[in-house]
Amino acid sequence: MIHFDRHARRKLLSHTIAVLSGLAVIAVLYPLVSIVYEAFVLGGGVLFQAQFFTAVPPNACSALSCQTVGIGPDIVGTLILIGIASGISVPVGVLAAIFASEYRARGLGRAISFTADVLTGVPSIIMGAFIYGYFVIYYPTIAYSAYTGGLALSAIMTPIVVRTTEEGLRVVPNSVREAALALGITKWKATLRIVLIAALPAVATGVLLAIMRAAGEAAPLLFTALGSNLYPTGLGHPIGALPLLIYFFALSPYSNQVKVAWGATLFLLLLILIVNIVSRLLIHRMAVRMGGT
Amino acid sequence: MNADPLADTGRPRGYDLEIRQLKTRAVAMGEWALGMVHDGWRAFSAGDLSAAQAVLDRGAELDRLDEDIEHAAIAFLVLRQPTAGDLRTAAGLLKITTHLDRVGRLGFDMARITTAGPPAGPVELRELLERMDSVVESMVHQCLEALGHDRADLARELFRRDDEVDQLHREANRIILRELRAKTSDTPRVADTLLVARHFERIADNACKVGEKTVYALTGQRRSEYLPRHRYIPYALETPTTAPGTTEHPPPG
Amino acid sequence: MLGGDKIRTEHLTAYYGPKPAISDVTLGFAEHAVSAIIGPSGCGKSTLIRCLNRMHETVPRTRVEGQVVLDGEDIYQLDPVRVRRRVGMVFQKPNPFVTMSIYNNVSAALRFNGRPSREETDRQVVRSLQQAALWDEVKDRIDAPAVSLSGGQQQRLCIARALAAEPEVLLMDEPCSALDPIATAKIEELIKKLKEEYTVIIVTHNMQQAARVADNTAFMYIGKLIEFGPTEDLFERPKESLTEAYITGRFG
């Protein structure tokens, strides 16, 4: 019979927990790692063709010699859509957050906060449906276009921007606001040029998060941007995006298109990863330079 | 809400205990000094040299009491940084002990100038000096009572009794000068009574000063705020109608 | 009230929600003098000075009754932003703008409230830092972040920042309570010099500090003004027994 004393029991417990935690980490990382692995295996080869990034996607083709060409238009499409979506969601989101945080006394501020919270949980396809119902149906000239696609993505991005900006503002100590007001600086100037600047790293991180989320959404674009295999000629026409391409081509029975889908998947993953790392580094540098912490 | 901060909780607060201790020690020193006056006068008046010696031996203790209280008061000031009444009391005691020390010293001196033999001068002089001693000792007693029991009213009253002492002093001087002119064999000892009468007058004055400082410690009032202003003139110019202590100017306020 | 008052309150009552933090306070602060307000925690002294530059109303659900008269005008009839430029404030915990350099902190009031030239701003910054007795310590690193300064230096920076706005009155809410004795001494010395140009009103919980720097002292208790007068008189022979009980440590 093994004799346990208190000390040995504690050590055993401690080690057990450590091992379980390690296993949990592996369990969580496994899907990510396996996706990257699969994408690499199935789509890696495609990436090394230079024209992958510039040529248009291939048509349906059943011959073994079909070309797997490029995803150029979809890269451009994603960038355009994100650009439009940010252009809407960042100003709107930041201003709404400022209102909610700094002018809190009016109950409206709290309503905004609560609403943004709820909206971040709404499935993105519903956002797409909302934009469809409001804009696609009533404005036939731009029905399926970069405009409506951008709107759909902004509907997803805005609540995230609101929430993170508000959080960032809340963390700014009240002493900063008081100091500014006591100097005879008007409230709006103090808020925009001092408080908001102090919260800038948090705001930037929030915008980054929102962009990452929007860059990967396919569902809301299905019936707004619609998708396209050609380079966009204008913002009023249907436009492609990486997630849409992946969706369409992954379901294709033609192997060359499937390969392109995997290539695009890998590309999107790597893009998100790199942008994430680079942005975080830059934001960290900004924070250090500003606050010394 | 807070309880009334002025309510008497029955427990000592702030520096109550330390202040009380300082005052008690001052009163004890005053009683020592008073004893020296009492016995010093008895020794002089009876011509009793051994009694005089006993008084002289008490001088060292008087010095020690004075120094100890001064030290305690200064320690209280530096360590507690008191304000208001506490401050006034500690600062006031520094002066009070000086006056009490003078009182004791004057009794000491009466013992010092004692010479052996029967009382000098006529009966009326002896009776007058006895009377002076009685009033003066009572005044010292009163100032110590005021100090020890926080009686500002008693302290303020002292100056009135000073007038009586002044009168007795002048009367004693008159008699003594008359005796001196008569040039009897007693003259040296009669001359000594001149000093003693003056000593009594000084003791009364010091008792009044103790009273003044006690009023200041208790209320913050300075002498000019409650004493009538008195214009003094030399004795030589005084006429029978200008009785001592006449108020020539009304008190302020 | 005294004729030489720079700023005074008339029957001032200030509320947080339904409860008055100060009631019916009438008090005048002399020009070019240092006035201290002392009293136990919760007596309303901070609330009082925050009414003097209309900072009290920046908190939600607050209300003010009565008047605060600055040079003959009721500040509650004036634009609050303008009032705050004339009546500056230094807070208990030093609060420089952490995202800004020393220079930018001091020049903040100038940069945000007008567009003076670079030379003018430079001159004002140097002058304010000199007035705050900080210039010599920072002149070589004026663009360094404000947070690189020590606690005492940061507080002097906040004083310089407040002075750069060229106020007429300077309010100080327990300016030394977060500082060590040496930093405190430097600031007290500074306060005594500042009164030559400004009217200084300081809230302090430290009675000895009031005794050291203030010409006049006010004692407050549970929102009411109990006594006000020359500092020496208040500490040597206070008129109110409540004042005496407080300053001799006999409260409670």
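Each chain carries a letter (A, B and C) given by its place in the written order, and its residues are counted from 1.
Basically, contacts are C-beta pairs under 8 Å (C-beta built on N, C-alpha and C of every residue); 3 or more make two chains touch, one makes a residue touch a chain.
Predicted model, so just to flag it, every value in this text is computed and none were measured.
Colleague: From the C-alpha centres, identify the chain that is farthest from subunit B.
Modeller: Centre of mass proxy via C-alpha means gives A as farthest from subunit B.
Colleague: What chain is most central when centres are computed from CA atoms?
Modeller: The most central chain here turns out to be C.
Colleague: Rounded to the nearest whole Å, what is the centre-to-centre distance of subunit A and subunit C, using the mean of the C-alpha atoms as each centre?
Modeller: Centres of subunit A and subunit C (C-alpha means) sit 48 Å apart.
Colleague: Let me have the rounded angstrom distance from the C-alpha centre of subunit B over to the C-alpha centre of subunit C, please.
Modeller: One centre to the other, that is 51 Å.
Colleague: Report the inter-chain centroid distance for subunit A and subunit B in whole angstrom, where each centroid is the mean of the CA atoms.
Modeller: Roughly 95 Å, centre to centre.
Colleague: Which part of subunit B faces subunit C closely enough to touch in the complex?
Modeller: Subunit B reaches subunit C through residues 1-3, 5-6, 13-16, 81-88, 219-220.
Colleague: Any idea which subunit C residues touch subunit A in the complex?
Modeller: Contact set of subunit C toward subunit A: 53, 55, 58, 60-61, 81-86, 88-89, 91, 93, 95-99, 108-109, 112-113, 145, 147-148, 158, 161-162, 165.
Colleague: Which of the residues in subunit C end up touching subunit B in this complex?
Modeller: 207-208, 211, 222, 235-238, 241-252
Colleague: Which stretch or stretches of subunit A touch subunit C in the complex?
Modeller: Where subunit A meets subunit C, its residues are 104-105, 173, 175-176, 178-186, 189-190, 193-194, 197-198, 290-292.
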